[in-house]
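Labels for the chains are A, B, C, D and E, by order of writing; each one numbers its residues from 1.
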Amino acid sequence: TTDVNIGVQPATQPIYIAKAAGYLQPIEEKYDVNFVFHSFSYGAPENQALATGAIDLASAGMGPAIIASARLPAQLLAITILEQTAILVPSDSTITSVADLKGKKVAYPGKGSQQFPLLIKALSDAGLDINDIELFKTKGSNVGQLVTQKDVDAGITWDPHVSKALASGEAKVLIKAEEILPLKSNHYIGNGFYGRTDFIDNNPELVQDLMGSIVQAIELIKSEPETAIDYWQKEIGFPKDVISFSINQQVSVYSTDISPDASTVEKFTTFLQDAGILEASDTPKFNETFAKNAMK
Amino acid sequence: MLNRIKPLQGALPYFIAGLAIITVWQIVVFLLQPSPAILPSPFKTANTLWELIQSGELFIHISASLSRVVSAWCLAALIAIPLGLIQGTNARFEKVFDPVVELFRPISPLAWIPLAILWFGIGESGKIFIIFVATFFPMLLNTVSGVKAVDPVMIRAGKILGCDSSFKLFIKVILPAAMPTILVGMRIAFGTGWAAIIAAELVAAQNGLGFLISDGMEILRSDLVLAGMVVIGVLGVLIDSIFRLIGKKVNWGQS
Amino acid sequence: MLNRIKPLQGALPYFIAGLAIITVWQIVVFLLQPSPAILPSPFKTANTLWELIQSGELFIHISASLSRVVSAWCLAALIAIPLGLIQGTNARFEKVFDPVVELFRPISPLAWIPLAILWFGIGESGKIFIIFVATFFPMLLNTVSGVKAVDPVMIRAGKILGCDSSFKLFIKVILPAAMPTILVGMRIAFGTGWAAIIAAELVAAQNGLGFLISDGMEILRSDLVLAGMVVIGVLGVLIDSIFRLIGKKVNWGQS
Amino acid sequence: MINNQVTQKSSSKGILIQNVSKMFYNAEGEGIEALKPVNLDIKAGEFVAVIGPSGCGKSTLLNIIAGFESATAGSVWVDGEKITQPSIDRGMVFQQYALFPWLNVSENVEFGLKQMQVPAEERKKIVHSFLELVGLQEFANASIMALSGGMKQRVALARVFCTNPSIILMDEPFGALDALTRSMLQDELLAIWKEYEKTVVLITHSVQEALVLANRIVVITNRPGKIKLDIDINLPYPRDKKSLEFRELEAQILSQLTDEIAKNYGVKPKSLTAD
Amino acid sequence: MINNQVTQKSSSKGILIQNVSKMFYNAEGEGIEALKPVNLDIKAGEFVAVIGPSGCGKSTLLNIIAGFESATAGSVWVDGEKITQPSIDRGMVFQQYALFPWLNVSENVEFGLKQMQVPAEERKKIVHSFLELVGLQEFANASIMALSGGMKQRVALARVFCTNPSIILMDEPFGALDALTRSMLQDELLAIWKEYEKTVVLITHSVQEALVLANRIVVITNRPGKIKLDIDINLPYPRDKKSLEFRELEAQILSQLTDEIAKNYGVKPKSLTAD
């Protein structure tokens, strides 16, 4: 039995559902492998682990996923969560549009996150640029706190931190990601699944089956959200009310169309290049065959 | 003064301190009314702690973190103390070695994460390495300063009483003479080692108190965060009192 | 030995150390061929550093971080040293205060982030608070141990020579007698303060070396990470050599 | 307590030691009795020499008079005031020098004057004259580490003399000095004592030194120390070591002391083979 | 260097001090000459007492013989071997006791024996007999911190005697002791010296002590120290302090010393007013 090391994050990623629902077990038996989940609290160490070969596959935010696909010998395999990101303001805020952010303090989770370019895009759509606001980098998990405490006027972060802030009643959505950058099925893209190229090349069938289990998991999320919520709570320890809020209020959106199609990736790449996160020469590598096959 | 401390009496100040902290905590919660997602009440935290204890989960976390910290700390002691003894006595070695130390010392455990992954992967050794980095320097610095403060006449006495090799002199004279200061370094290092546990367990950990805390932050469970902090604090005190006991035996400098 | 160190000669070992590190680094890169996303070559890093210097960006980061560390460190000195002096001389105070210290000491700066945000928001004070936490304890511990190691006969001499208040005795006898150990604590603390800069700048920062490093990690720009680490290391050495100079003046314990 | 009945306040000048005893406790809590109840009434202006075998409690007694240690029972009164803490008016020369290594020689001497807020210029003058007195004017700016043992003791003497305390407590102050430096400083001590009417308590191992200096000699017994002999020395100053009275007193004190000290060495070791 | 011409290897037993001089440098790099070139040929079995004013370089010379400090120029030979480092065969009693505070009394005494790998049982016996010798058998398990000054010095003496070194270097070893303890230990020293034919170099401030013990006395001048008087004492042991020869020698040495020491105090301070 060999270990297949998968990097995950404590977020509502479908791979947890696949595990909890027992979709991974047949694959483990079939290939005589053992899926080992390694949890990283954010993308940076996860990508470093991928770079050294300590993990073979990874599930992470779209930002780290694309950066890894561009800068490491790695490929994007699937887009596993849509949406997920929003700009939040305190619930009694007078800010009603992105244009109102001019001169305001905005918290964000760092350049490596997808939230950063998204913020830039939102600003430029409203005729502003990054110098029109005051930026504060912090951890994604702290953005909600800063907004509800009114230390900042607005903040951009991902789910479940968005749902948590909203559920507390002290924050509201200024704008959702899908309104800023509809990339796929009229939604923004939130979470990616990617892996080391050599691992994918050496284990194509295993990767294929794994993609299948992710699609299966997303089907379960859509058909039996309550079961999925229970699974997540069990696997990651999330508070149930926050996840319910997220699913029911469509803060996180799941689609069985997990394909990283060329146009989506290209748009996202240009978007990251515009934001100065990817350099012009960076071209993320992706492979949509597995996703396409899995969706059949 | 007759100073025979009975074990229970010795624990009393800690209980008082604990009580004081809980009281202040409760007052802060009462006055600021922070969202429980940020600062839960002592009661809520105690409850979570109790659940963690009952499920046995807590002990898994504790033993994971403790074994990491202890391994790293022992490793650091094994390397830093001999190096410190040499550096403190050999001026030429110090001249070359010290700048290297000073270049690396201010670099955060967090900044070592990529290199830890590169060299040690995501297993235990990488985590131990990060804690090692955090424990190594206080031990080294205190050892060096302890050694330098050894009264030269002690060294002379040792030499003329038959410590004819540097090694014997180290073991028989310099080490015991510098022991009180070295022990302070080891105490400080244990604290900094504990404090590095979160950074260390950011990398692909499945258990441990640092994991409990950072994971708790990510999964929005501040009660877990606080419970983890409380456990780290209490364990820190327990371990520190062990050092204190040893210190009393070794600290011949005081009556 | 005649030991008049000329300034340039004093810097020489640091250059040698720097060169040795760069050589080892280049060899590691050559042998392991790590992905440049993890460990870029010294040359690449130097290049990035040069760009950061030319754009002036580096100096913004340096001054931001430096002012945070210095403020926190001064604050810690102002609080930890007097507390340590009291704790080291007053057994009753120590009994009550020490457990509190020991409970908080092992708690990581990272774990303080949510509370720092809760109390201080996004201003400088939150970041300074995190660094303060990291610098406070080594200073306190070393002060206490320095004070306790003061030869009782010195204290007697001070008392009978007219230091009739505890305050005079502190200032005139205990403080100078404990100074060498306190300085070690201050040196260690500056190192731990630097090492906390990444954690501190996770609290809503716009600039700083910690910001540079954690940002660099996220976008897999290890050259930025390494450049930041190099700058922190070099600054650490520079500041440390200032301490060393002061230490030489104060360290009456040695010839 | 037994001694409560005699602790009425004394209004006389000088040092009154009432029923003072002292126990030390080691780490295991075992007690060592260092001083048996001691009573001693030292009048202002007296020069008392204390002699006794090594370890008999002389330093302990001096520390209690200085106010460094509290007696296990009994109390010490100075000029009618009960001693609770040290005071600059009771100067002390320590057995272990106790110089401040972070100050140089003249700063060490200056220390007490600074605490007394003597103006800087005057301080300079006083320090200079006392460094001259002990023959260390050349070493004013030397570090303490660079001094020999005897030089350190001379600095310690200058440090105490220059604050002009009314009581001077001295714990074997001349032990590490060469013969001439010793006799010079002894002469100075006598001169200061007479001119300024100081009260001096001097611990010494030398019966000769005691007889040359003191007008009262106290012999303490083996540990636990108590007073075995308390004798006034009415010889005129300067004392003539060769005079008959001197010789007789010396013999008397030595014989008392010999009895005491011999108890320490009940049986003389027979074999001294070391390998 | 000037002294190169005389550094041929000596094949004689004993201690040969050839052109030894010593400079110290302070923090500012200024030099202090502690010893002018000193030549001294100490034959095996000699008992040499070294006398000189405080700060003249006696401890420095002893440290060089012990091998702790290297001479600025010149060299020291022991039994024909040039000294480069300390050896357990040259025992030393330090001016500042130099006991190990982390060991108790008997462990301190045992230290050298352990280094010599004397078996544990024998070690116990030796330690016991030497603690008895210095009258501290009761304090075998006491901590060093709980000893008086004189008791510490006695432990230091026991520690050196028990390793049975062929050369014994002593820096004012009896200064802190009471008269009887001192004369007892002096007798023991003499007995050990004679029985085991040891070479002894003793620094003392007491001319009497030198005359009681030594068969050769060396007087060193004021800093920078050089030898002013080197005289063999052929009086029979035990020495009679009251004999004419003793008195004459004492007077002769004292007068030499007085000349030297008086140089330290060129002008006696006139005013001693302290406020």
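Annotations for the structure displayed:
Basically, a contact is a pair of C-beta atoms (placed from the backbone, for glycine too) under 8 Å apart; a residue touches a chain by one contact, two chains touch by 3 or more.
Source: prediction; values computed, not measured.
The minimum number of touch steps separating chain B from chain E is 1. Shared contact partners of chain A and chain B, listed by label, are C.
A straight line joining the Cα centres of chain A and chain D is 82 Å long.
Chain D has its Cα centroid 48 Å from the Cα centroid of chain B. Distance from the chain A centre to the chain C centre is 37 Å, each centre being the mean of its Cα atoms. Averaged C-alpha coordinates put the centre of chain D at 26 Å from the centre of chain E. Across the assembly, chain E contributes 96, 143, 163 as residues in contact with two or more other chains.
Residue positions 38, 113-114, 117-118, 214, 217, 253, 255 of chain B are each in touch with at least two other chains. In chain A, the residues that touch at least two other chains are 44-45, 48, 51-52, 139, 145. Per the touch definition, chain A reaches chain C in the complex via residues 42-45, 47-48, 51-52, 63-64, 67-68, 71-73, 105, 107, 110-113, 134-139, 142, 145-146, 149, 151-152, 277. Within the complex formed with chain A, the residues of chain B that make contact are 35, 37-38, 113-114, 117-118, 121-122, 202-206, 211, 214-215, 217-221, 224.
Put simply, chain B touches chain C in their complex at residues 13-14, 16-18, 20-21, 32, 34, 38-39, 95-96, 98-100, 102-111, 113-115, 117-118, 134, 137-138, 141-142, 145, 148-149, 152, 180-181, 184, 187-188, 190-192, 194-199, 210, 213-214, 217, 222, 225, 228-229, 232-237, 240-241, 251, 253-255.
Of all residues in chain A, those touching chain B in their complex are 5, 7, 9-11, 37-41, 44-45, 48-49, 51-52, 54-55, 139, 141, 144-145, 148, 160-161, 164, 168, 170, 236-239, 242. Listing the residues of chain D that touch chain E in their complex gives 24, 26-27, 32, 51-55, 58-59, 95-96, 116, 118, 126, 129-130, 132-133, 135, 142-143, 146-151, 154, 161-164, 172, 175-182, 184, 188, 191-192, 195, 205-207, 254, 257-258, 261-262, 264-265, 267, 269, 271-272, 274-275.
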